[in-house]
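Every chain is named by a letter (A, B, C and D) in the order it is written, and numbering of its residues begins at 1.
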Amino acid sequence: MGSSTGRIFRVTTWGESHGGALGAVVEGCPPGMVLDLDALQRDLDRRRPGQSRITTQRKEPDRVQVLSGVFEGRTLGTAISLVVFNTDADPRAYAPFKDTFRPSHADFTYEARYGLRNWQGGGRASARETVARVAAGAIAKQVLRELAGVEILAWVDRVGDLVAGVDPDAVTREAVEANPVRCPDPDMAAKMEALIKEVRREGDTIGGVVRCVARGVPAGLGDPVFDKLEADLAAAMMSLPAAKGFESGSGFGGVGMRGSAHNDVFINKDGQIRTATNHSGGIQGGISNGMPILLSVAFKPVATIFKEQDTVDRAGRPTTIKPKGRHDPCVVPRAVPIVEAGVALVLCDHLLRWRAIRSG
Amino acid sequence: MGSSTGRIFRVTTWGESHGGALGAVVEGCPPGMVLDLDALQRDLDRRRPGQSRITTQRKEPDRVQVLSGVFEGRTLGTAISLVVFNTDADPRAYAPFKDTFRPSHADFTYEARYGLRNWQGGGRASARETVARVAAGAIAKQVLRELAGVEILAWVDRVGDLVAGVDPDAVTREAVEANPVRCPDPDMAAKMEALIKEVRREGDTIGGVVRCVARGVPAGLGDPVFDKLEADLAAAMMSLPAAKGFESGSGFGGVGMRGSAHNDVFINKDGQIRTATNHSGGIQGGISNGMPILLSVAFKPVATIFKEQDTVDRAGRPTTIKPKGRHDPCVVPRAVPIVEAGVALVLCDHLLRWRAIRSG
Amino acid sequence: MGSSTGRIFRVTTWGESHGGALGAVVEGCPPGMVLDLDALQRDLDRRRPGQSRITTQRKEPDRVQVLSGVFEGRTLGTAISLVVFNTDADPRAYAPFKDTFRPSHADFTYEARYGLRNWQGGGRASARETVARVAAGAIAKQVLRELAGVEILAWVDRVGDLVAGVDPDAVTREAVEANPVRCPDPDMAAKMEALIKEVRREGDTIGGVVRCVARGVPAGLGDPVFDKLEADLAAAMMSLPAAKGFESGSGFGGVGMRGSAHNDVFINKDGQIRTATNHSGGIQGGISNGMPILLSVAFKPVATIFKEQDTVDRAGRPTTIKPKGRHDPCVVPRAVPIVEAGVALVLCDHLLRWRAIRSG
Amino acid sequence: MGSSTGRIFRVTTWGESHGGALGAVVEGCPPGMVLDLDALQRDLDRRRPGQSRITTQRKEPDRVQVLSGVFEGRTLGTAISLVVFNTDADPRAYAPFKDTFRPSHADFTYEARYGLRNWQGGGRASARETVARVAAGAIAKQVLRELAGVEILAWVDRVGDLVAGVDPDAVTREAVEANPVRCPDPDMAAKMEALIKEVRREGDTIGGVVRCVARGVPAGLGDPVFDKLEADLAAAMMSLPAAKGFESGSGFGGVGMRGSAHNDVFINKDGQIRTATNHSGGIQGGISNGMPILLSVAFKPVATIFKEQDTVDRAGRPTTIKPKGRHDPCVVPRAVPIVEAGVALVLCDHLLRWRAIRSG
């Protein structure tokens, strides 16, 4: 349990940071689709380490292989097996910590749950598991695009206390990818990059917020009461490493508003029922309303810092720890494609669920 | 689909606001437990309308009946069927809106999804569906208490821009229930109550934040990577009516921190491994670490306001709408037991999941 | 767990034989359908006790109530809650056996699993639980009929060693319902009825076989490799009380055949690809091929007999037992609508699953 | 959907007969177990083609690799990824049939469902998919053995009309593996082998029955009403390629018995509650009763025969077909480890489910 998500478009991921490989099995992909492997690799490249100076320097080409479910370039409707082999795993760097619990990592909790852990690079708890999500998510993106014209776009909205000014209706992929921070507000991006570099020099880390818009989502997706679209999106986002907060539409900011200001008035726009504002973030009663879906994810500062910290060992004896090596001073630039993938998996599953019960 | 949650402790709810009844089927409850029906009714009473001057005045006794799964007072291990009949349903009040989409309600999205809707009081989209969650959640609370000594306690932390000062380690049920706002900070509770009354006089509504602590949760609950504890908690909370935001531990506030300040240092406290701080909110790597689990949920101002608003009808023609009758000016006081129930359902399911795979 | 079935058309049942009521929650029913409550009651009437001289004489009107999911006669797309209240429960008849394990009943195994049991009439293990299946199955039948023109028809094919001669392509509901045995071979039906009466006089019971055909099932239903149509049908049938065997198409009889005789040659019949024979029973590779689906279910002689039998009590002490009261001398006449319901639930779920992934 | 099974011990398989590889992802395996890779390979060897003169001559070493979930030889509790690469795939042999539907294969139904198919060797519909089941099942066997002392043993009970005489209480693995037919009745095994060779010479095939016993299963496994042990076992068996029938305990043979003869009388055997006979096949009310679980599976004659047969092509035009190459004249000798694996997956899942809810 725990390594699968989705009900119809169902994805199972596996793999440890320093095991042989990572992968995903994708069930429920509609058959007959010409699988766009380049797009899949492109998203993996956006996620992979070492792509810019402000991310971890682990060298992983992250080449994806398709072992089943595709024939002569087309999806068969059967389970698609995706594999990415690890190449730059260096378990020795972690040997000093194999009996010590790194603060705010999952070392202690994995031992509490399983009685043992792969101490090499975080094992299953490493952010490296998101390789599999991104690969599967790229397939979901393609299904969404081909069946419903949906486009999903995420960006860095905040680093530390630096908040970008971004219009979610106008933002483009080009603007996002124009800088290594992946913040489409160029001035703020420069400040964010400077802050990340400063934090890196200190051997420290800083948090951030990724914001994401999904455009073209048809009205009618979501399955109340437990599988409301916001519930499934929240789960997808809060299952990402380092995620500590989720907002849909107005989020925590909407709390201070009066209902008369917050309500999204319906209008007739060129024959389509739309809302004049979008505090609902494209979702009402757990179901998409045809407006852009808008959400944010808060990521804490990652736990790997190059400073001496107090901790205990497996026997509970006080000790100190000071990691060395490679780290991400701020996780959000690389989290952008990961957030997109997570959103895509949810929307794709709900699109197929909706096809099952709709009339006609 | 969509009306069930949980994998082992699995709950299926049903019922419309103005249909005959609402209910829940609870599967996976451990057998042989003396079911505390009084506790169950107590939580329903905390949730029911009309309990104070600052909530909706609908009169519903919300008496729960157990139709199966219990024999001579004990749980049988078979499915438990819980039913609450509606008594004060007044569908006529909603007749004027049956062809009009109320802004920020789910009228439009239910029609987009299903092609029709029960227009009486919101139907399945009404907050009244949470009756079933609270009833099932009370059973989950009992399982958690008896099997693991877990205690779950929620309170109102914010109304509009009024933020309470509450120590999550010290807060008690008595302090929460001491005032109709369910805010354990008495001074702020008085201000919140005044604000809610003001908003009600205006025929308007206001948002709020409910905060929740779960104490005594054993280390080791949570099922990475998709069923991390935070993911399942986020889904449970974001599936609640009017929820727009979720935080675990430091949440959005942690974004501005450095890792060196945010990391929770491990300590040995009387032979138990604990953390000195709890920015993680009791969860690391998606698994509980034995510290109190701490989360917050943002609720938007509810959509029913007694002011004239622009909207469209089913044919897309512009019109106006001005509801009458009963409403909740601020949803959070009654959301307190609902949040507790949702948290209980998740923790109970994960407690049973953990028992399945643990050694011994 | 255990009380739910189906992935999209998902049914959860609950209820004990002598508890207050039995019921089902049906999720995933397509919205907007005018629910045929008469058809639902008709199937319950075919299942209910006391309908003929050769079944149990318990008096239960088995009137079904719909508590949610239907509005102004139409399905809402939300969960449909069905309830049937017990009226003729007589727990006192079972009091003598509350500490004794009746041979080949589930008394011992329920205690082994749950540590306690509702000893009144078998509790959850009673065949009375199939009330809920039949009610839910009637909705599934309607969905199948309206969306795909599928017709499901079962009959008694064997009682003891008496085997009927029935042409599955020609058999009609009228022929099945023409006699209390529900065997459309009138001569054999008379012999079967005589045998059942003889067995009843002896205070004994006898087994039987129900055969079922589903006509009009479109080619393409079934989800290899684990959710092959035959796998899900087998599970549905083997989950029925007293079921001990399942056959699809040629079943055990096909074992003795050569492949050259067993293979179903494809033909072009009026522009449709069909098979000349139907040893496959309408399913190849786990997927329907458009031919009639054909299956059989073996039911053992029911365990309640009015003869003295050796057994042990809860403490393991040898004792004897001799039940009194009401029983079914042969379960298969009443099993006919139950088999149909079970088949309908599986086919309806697979029809909706297929709609989710098919192109267009 | 469709490629996963189990709720807690959850297995997802993938792979086509002539794709790059086949594999399984195993979730829910208890952590800390020293994984017996040799046992895993041994079962694969018993399943693989070319192992005797009476099976297909395809040469596949079927070496299994573990890509995740195991660390320093022990299970981590995380998802275990198993892969077997195809080496002797010869797609050219199938090219003549790519536009023709082979009778009683899944060619037509896969096209009906998915609109296309991998025509190379049956693709996903090939019996080669059972490689993944056997690999995963070997892990399940180990869990069952270590946690509960369960032993699972299958054998060939019938080939064509030749029926073996085997005592399920006494049969041993050595007796089963003593001959290539895997029938522990040596005289009958010799006749069966002769029959299979005769059938092979004719270019034809013949069906068979595999019987399986599970010893040491604790009383209390099974989850009524839908996940009764017999239901899940039936689904597992009927999801196997070429399976057409399933029996538990007395099966179809019990139909002709009176209840007074069929009932299994309870006895006290050395302080344990047991039954004097075992017509129930170790399962009562869908729950194991501590007696040996006993089941049979009927396999039809496989569809690949080397005789000219009528059929149609994709356009529905009549044509003929005459396959060449390699085939299994009788599938049951190789089905023995496959049946064992399927039974193991079900029992292992139910063992873990039972641990979740049991008291203590």
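Observations, loosely collected:
Note that a residue touches a chain if its C-beta (ideal position, glycine included) is under 8 Å from a C-beta of that chain, and two chains touch if they have at least 3 such contacts.
Predicted model, so just to flag it, every value in this text is computed and none were measured.
Each step here moves to a touching chain, and the least such steps from chain A to chain C number 1. When chain centres are set by their Cα atoms, the one at the greatest distance from chain C is A.
Comparing the chain pairs B-D and A-D, the larger number of C-beta pairs in contact belongs to A-D. Chain A and chain B have Cα centroids lying 26 Å from one another. Between chain B and chain D, the centres computed from C-alpha atoms are 45 Å apart. Per-chain Cα centroids separate chain A from chain D by 39 Å. Among the residues of chain A, those touching two or more other chains are numbered 1-4, 7-8, 13, 28, 31-32, 77-78, 113, 115, 124, 224, 353, 359. Interface residues of chain D, counted against chain C in their complex, comprise 1-5, 7, 13, 101, 103-106, 108-110, 112-113, 115, 124-125, 129, 158, 160-161, 199, 202, 204-209, 219-228, 230-239, 241, 243-252, 254-260, 262-268, 271-273, 275-276, 279-281, 283-290, 298-305, 307, 309-312, 316-318, 353-354, 359. Interface residues of chain A facing chain D in the complex, by the touch rule stated above, are 1-4, 7-8, 10, 12-16, 19-23, 25, 27-28, 31-32, 65-69, 71, 74, 76-81, 83, 113-118, 120, 123-124.
Across the complex, chain A meets chain C through its residues 7-8, 28-32, 77-78, 224, 352-353, 355-359.
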